[in-house]
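Pasting the structures in now, so scroll down.
Here come two complexes built around chain A, the first alongside chain B, the second alongside chain C.
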Partner chain A sequence: MNRSVRTTLRVTNTAIYVFLLAPLVIVAIASFGATSYLRFPPQGFTFEWFGRALSDGVYWSTFYTSLWVGVVSALAATVIGLLAAYALGRYRLRGSGLIGAFFLSPLIMPTLVFAVALLIFFATVWGPPGIWRLVAGHLVITIPYVIRTALPVIEQLDASLNEAAADLGASALTTARTITVPILAPTVLVSFGLAFLISFDELVLALFLAPPSAPTLPMQIYSNVQFGLDPTVGAVSTMLLVLTAAFMVVGQLITARFTPTVPSTTPQED
Partner chain B sequence: MSTPTSTSPPESARGGPVTSTKRRRISPTPWLLLIPGAVLYLLVFVVPQAGLLAQSISPDGVAVTTEHYEAVLGDRFALGIIWRSIWIAALVAAACAVLGFPLAYQLSRSTSRFKGLLVALTLFPLLTSAVIRTFGWQVIFYETGPISTFFSWFGADVTLIGSQAGVIIALTQVLLPFMVLTLQGVIRNIPVALEEAAQDLGDGPIAVFTRVLLPLSKGGLLGGSLLVFSLAISTYVTPALIGGARVQVVATTIYQQAISLVNYPRAAAFAVVLLVITGIVVLVQTRLLSGESAAARGSER
Partner chain C sequence: MSAIDPAAPAAAQGESPETELSIRGVTKRYGQVKAVDDLTLDIPRGSLTALLGPSGCGKTTTLRMLGGFVDSTEGQIHLRGHDIAGVPPHRRDTAMVFQHYALFPHMTVAGNLAYGLRRRKIGKRDRADRVGEMLELLGLSHLADRRPAALSGGQAQRVAVGRALILNPSVLLLDEPFSALDAQLRTSTRTELRRLQQELAITAVFVTHDQEEAMAIADQVAVMNDGRLEQVGTPQEIYENPATRFVAGFIGAANLLEGTVAETRRDAVIVTLSSGIAVSGTAGPGAVLALGAEAVVIVRPEDTTMSEPGTGILDATVETVSFLGSASELRLRTDDGTALSVRGPRSLATDHPRGSVRAVSWPTAATRILP
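So, the complex of A and B:
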């Protein structure tokens, strides 16, 4: 590649990165502005909106709802997904290709269509109470990510390690505790983190399934931004961006330290 | 949403924990492990999808009617919404292909020590909520925001909020990482030697692009475009917040019918139409990908 091509490419890509990151950076910068609505470029400088966001009970209660939904969904999705991935990765099953495709199929289903289907089903036939409807929906969209993250690792598990442990007199439980669990631990952590992040950020299923009495944080942000450019929402968004970045760094550190391959992370779109 | 990867384990791993002598033994354990997931999927995934279809053709569960599909496919206004959605999604896919290629090219060819950072910067928007990303575009597009201010210096009155162009720009940014990820995998597999050979034979950079890179990454460009298309046509938040009532698309119509008007049969009919559109796209995509990998295998031999 000659010099001029390289320079052109570099300039073009810098512009594309600006485009890709502009909305996030602009929200973050504008949330420090002193005007009563978010504007860019900002005028003045203040921490007032961060103070207001942190002292606003609505943001805290919706944050706790999202946290609860995220943790419960991610825990259950990790357990259910790992069990399925273990069955698919460790055993020779009749039709395992088909079963795997079935478990991954929510990935190719638009979340919006799934949300309407669940809404109508819960409203007309049967549904768990309140917030559990949302948890049920989040389980289905996060389990495929758990399976996709864990399956390659489980397939690589060396069966001879377990056999060696058994030959040396270890019980099944000891083998699981000393061999299988330590090998799978980073995968479990990454699966859980990914499932949590997807559930925590998810909006469409929440709009269709969460009870009006217990909105999630994305719902709260969504309903606030519909009515104008509230700088408090900007402050909340900025804090969430920082949290997400921290989460990403931790996830990268875990994967870099324990596994040679990076799992594909392609969360759903709202 | 993306294409599921192949789940069948490689032949060597198939034996599982059982040793070769016990290979054929049928154990009930794996089936027990699959039960929780299967029950959950059946209850809250399979049955509700069937219910969606039922709701659209027979709301009372007794009489079958095509009324709701006629209201979607036989009505000029509704058809207009569907075409607009397809048009917007197609433009977004094209824009992502154009912007995604140079980015993916540099990421897959880069040997820089900042490569990890660049990849992370591409992925970061994916992990942030689509609401926040769209919120950023609202700030940029607002009547007194930077874009409108910039154009007002030249005496032009440009407001992107509530416009189709605004929806397309915002959706392109929201979905661009998917295109970059898809293309990166494809470009990484094109040997640099091919580009160098073309250069040595006198091809300029444009000829290298059109005669080497483009033909070899055609599959990735098409696959990525189809993925972006089906994501763009089913995304709700961005058209709802940027386009609003002035840019109605299928996704916002489904929400309106289901939540605001509580017209379940109509919402179900729109949802099934959306499902059919994305289903066709996924079918084309899987055909393409399987053809592509077969071709790749062929060329290796």
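So, the complex of A and C:
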């Protein structure tokens, strides 16, 4: 590659990373400031806002709501998305292109339009009670991510692996237990994690669908910043940042444990 | 090299005790398409048989029927005299090596080898012993803890063979076992497989589209085309006495000269080529050649010789000269447009430059005539 092109690329890459990460870094730094509103550069240094956020019952209750919605919708999305991806990836179905497009369509539909549509539908036709409306909404928007993550892996899952297992004496159930599930395990974990993270910080659907009695954490943060930059918001954001990072690291470690070792670049024939 | 026995021995009708697998009139239909059409073939015990043919000829379907992965529509398959129709893969005494090996990616080499033993509830110590023996036999002991992704193609192939052999099957089935390897490795790997097969005296059937591969290691080659068996025999038999035009063209290189039958004698057939030249040869195995019927004269390029124009069977002009290192190959064309290929020593390339006119000859004994 040309030297100047490489330099340009490197500069552009750095700029993009700075653009993406700078706000996060600034919020994290600002959350330690001693002023009663978020400012940068911060003045003074205090843990006070972290203490206040952690002792604030509203943050905790909204955190639990988000956690619950995230886990339930991610579980359901993982199960449904994996089954759909398995059917799409393994069998030649009539209209599988259409089915695939249908499952992926929430990716291209504006969330706002979808939120309004669901709200009207639930209000006029039928809707599940309370928080389940939000779970249903999150389910629809997270399934595409599960399918997108799982489909390539399932497509690569050689059908002859099942035949080889059968040839060696494994029943269908044993094959699933000893071959299919272990190979798909990292994908299942990644899909679940992705779906959970999307649901956990989703705001638009939550604003429309969550019952007033059970707001989610993003809703709480959103309402707190509407009346000025409450420094506890900065503290909560920082803690979420750390939690997410930890979540990703653990996920990486788990998938690395399951993934086959990297092929050696120079195979030795002895 | 010149076995001139056109009458191939008639296949035994009964199953001899030396027959491991007997395929009797097997047909496999997918809707209207006959993937395999009335195939009858005996596979002798302890032999290496190649199912050879172009893609889509039904060779893989045949192998999969032997393994129990595909049910036949008609006919029977006998393994040591027992009909094995409907018997699932793991209940029949066959083991399959898949085309891309199908090694379990999340298990080590030892884990892959032990998989079949585990399914058969073989105790831990016994299992370790047998895996150890197999690793030793295949020279893979130092790779026991590797994952398949960290193996070379040749190593992966050996693990796949070992995983199939560890259950001591009567018949080893291999689907294009060398196709995933690069050309250099292919030659050494096939010799290695042949050695192993002979050492263990196991019956093995492999599928290939590469005629050289089939000829190099198989005891018996079954040539298939369009779902049908074209010919079965030793590599030498099918090379020297091809039974059909397809076999003649598919196995090795051949000059196919079209003509009509002018005379049939007890020991020879005379064919008049379109150019009017009369050529004599031996009728191919089972060939029915009526006077005046169309026929094809088959001459192998390496059986031809070159001389001054007018002194051979026919004259032709040298069109291309290829020096191949150990040999030379010339392409010639006669005045009526028939192409001829001649193969000979290296000196051929220098002695017969492009554009020169030469006579081409071949011995009657090496000439086969087919309808």
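In this section, the second predicted complex is superposed on the first by the 230 of 270 C-alpha atoms of A that agree within 3 Å, B and C clash if a C-alpha of one lies under 4 Å from a C-alpha of the other, contacts with A are read in each partner's own complex, and residues count from 1 in each chain.
Going forward, a contact is a pair of C-beta atoms (placed from the backbone, for glycine too) under 8 Å apart; a residue touches a chain by one contact, two chains touch by 3 or more.
Keep in mind the model is a prediction, meaning the values are calculated, not measured.
Once the two complexes are laid over each other on the shared chain, residue contacts for A:T244 go to chain B alone; chain C is not touched. By the touch criterion defined above, A:L67 reaches neither chain B nor chain C.
Of the two partner chains placed by the overlay, chain B and chain C both lie in contact with A:E163. Residue contacts after overlaying the shared chain place A:L189 against neither chain B nor chain C. Looking at the shared chain after the overlay, A:I179 reaches chain C, while chain B stays out of its contact range. Of the two partners chain B and chain C, more residues of chain A are touched by B.
Taken together, the two complexes place residues 163, 264, 267-270 of chain A in contact with chain B and also with chain C. Contact residues of chain A toward chain C in the complex are 158, 160-161, 163-170, 174, 178-179, 182-183, 258, 260-264, 267-270. Across the interface of their complex, chain B is touched by residues 1-2, 4-5, 9-10, 12-13, 16-17, 19-27, 30, 38-41, 79-81, 83-84, 86-93, 96-97, 99-114, 116-125, 136-137, 139-140, 143-144, 147-148, 151, 155-156, 159, 162-163, 197, 201, 203-204, 207-208, 218, 221-222, 225-226, 229, 233-234, 237, 240-241, 244-245, 247-248, 252, 264-270 of chain A. Taken together, the chain C residues at the contact with chain A in this complex read 67, 69, 88-90, 95-96, 98-100, 102, 104-106, 115-116, 119-120, 139, 142, 146-155, 163-164, 167, 185.
Remark: chain B residues 1-10, 13-19, 23, 27, 29-31, 33-34, 36-37, 40-41, 43-45, 47-49, 51-52, 55, 99, 102-103, 105-106, 109, 120-140, 142, 144-146, 170, 173-178, 181, 195, 205, 230-231, 234-237, 241, 251, 254-255, 258-259, 264, 267-268, 271-272, 274-275, 278, 282 touch chain A in the complex.
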